[in-house]
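Quick notes on the structure that follows.
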Amino acid sequence: MSPEQRLLIEHECGKLPLLFAKYADDGDHAALADLFMANGTYDRPFQPGFPFHGRAAIQSIFRDRPPILVRHLVTNVLVAVVSETRARGSNYVVMMSNHAQVDPPQSSNGIFVGGFDDEYVLDGGKWRFASRKGHLALHEGGTIPNFPTPTDEARGLK
Amino acid sequence: MSPEQRLLIEHECGKLPLLFAKYADDGDHAALADLFMANGTYDRPFQPGFPFHGRAAIQSIFRDRPPILVRHLVTNVLVAVVSETRARGSNYVVMMSNHAQVDPPQSSNGIFVGGFDDEYVLDGGKWRFASRKGHLALHEGGTIPNFPTPTDEARGLK
Amino acid sequence: MSPEQRLLIEHECGKLPLLFAKYADDGDHAALADLFMANGTYDRPFQPGFPFHGRAAIQSIFRDRPPILVRHLVTNVLVAVVSETRARGSNYVVMMSNHAQVDPPQSSNGIFVGGFDDEYVLDGGKWRFASRKGHLALHEGGTIPNFPTPTDEARGLK
């Protein structure tokens, strides 16, 4: 693979975490789900170990929650090309949000720092997430949300 | 347009928000103004809806204020190429500053998160901002500054 | 130099600050040291003016400290190519950490914002840091650590 070809793959895959953040923040859950392979998986930073399977299950997380004011700041985007159709990557995400008031500007409920380990696949001419595995590392202020354990059905397992 | 050509445009335009931050933080108001088209516009994140028109008006914002210690952290830089001479983009900005003490290190007056929607134009061989439209989304600590409404003259309208 | 060649250099050098952060956060001090030239220098953001010289001295900073939970968020990565084998760059770093508890997630001891001025050199086919000069600008919460002055021996000067 030429350096130019590798660079193009790194660039295309490196956009995916930024687009994920954009669509999450804009509430565009359909576009967010379309960033994943049909059988892609998403393991949430605030509740690692319970991955959601498939576009419909992933989309429902973002579609079925109450509106929130949120920003996902993505940094440290690193992509390692595995082949012409596969790549891996890691990135950090800083999350700030207000769940009570959605008209900006608002105070944030703390600052949370975590990130993702990603797998990317070239899928019909478009790079998509095969998987996103999230984690939470540190927070300044705020309270870590305590999500109820998702059902197997919600996670796309049934 | 080839993928390589598109990548080059995305890369060049994606540098502009970073250079804007660098020049703002370094107090280099002349270099900052030169990032804009001669008739470019700048709508401030802390006071959206009152765009400044033209390099002179934009430069004066940064030249005529008291010195401050400030950092603009730019993330989520996304560029969409429209043509060989036009592109659009969005990015987030985290702002931390101290207006009373300018010798680093200092405590920050909160952490403010906003961003920009940008338009880029190839202008005499160099990509520049045609417009920057700012917004403020969330803040952790600190107090949102209450700028007086700028005059039409200050905004380059007269 | 062609625009494509320049872009490749900017991309390769721009990865170095991100890899530095990754290895620092993962505790991979050997990989971190290998990002530097054999005679590279590292001037710490929390103690500028006392650069460490050479890979062994740099590695020892990260190897010989107690384990900590830390994230270095790297933003505003700008690279200016000087020649086919030399480049310069600047970048910002947001540091959050907990030195008492290392199992994530934990509360952070404040949010610190600084950055680096870097020099990059193509060294046997691989771009490496010739020097990193750190600074600290602002912090929200937390207490600035008060490092004891490092010995000349620790700094690789003897």
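Each chain gets a letter, A, B and C, in the order it is written, and its residues are counted from 1.
Here is the rule we go by: a residue touches a chain if its C-beta (ideal position, glycine included) is under 8 Å from a C-beta of that chain, and two chains touch if they have at least 3 such contacts.
Since this is a predicted model, take the numbers as computed values, not measurements.
For the self-contact between chain A and chain B, the two sides draw on mostly distinct residue numbers; the shared fraction is below half.
One copy, chain A, sits rotated relative to the other, chain C; on C-alpha atoms the angle is 120 degrees to the nearest 5. Centre-to-centre spacing of chain A and chain B amounts to 27 Å, using the average Cα coordinate of each chain. Those residues of chain B in touch with two or more other chains are numbered 4, 7, 75, 94, 111, 140-141. Residue ranges of chain B in contact with chain A, taken from their complex: 3-4, 7, 10, 75-78, 90, 92, 94, 111-114, 135-141, 144. Residues of chain B touching chain C in their complex: 4, 7-8, 11, 15, 18-19, 21-22, 69, 71-75, 94, 96-98, 104-108, 110-111, 140-141.
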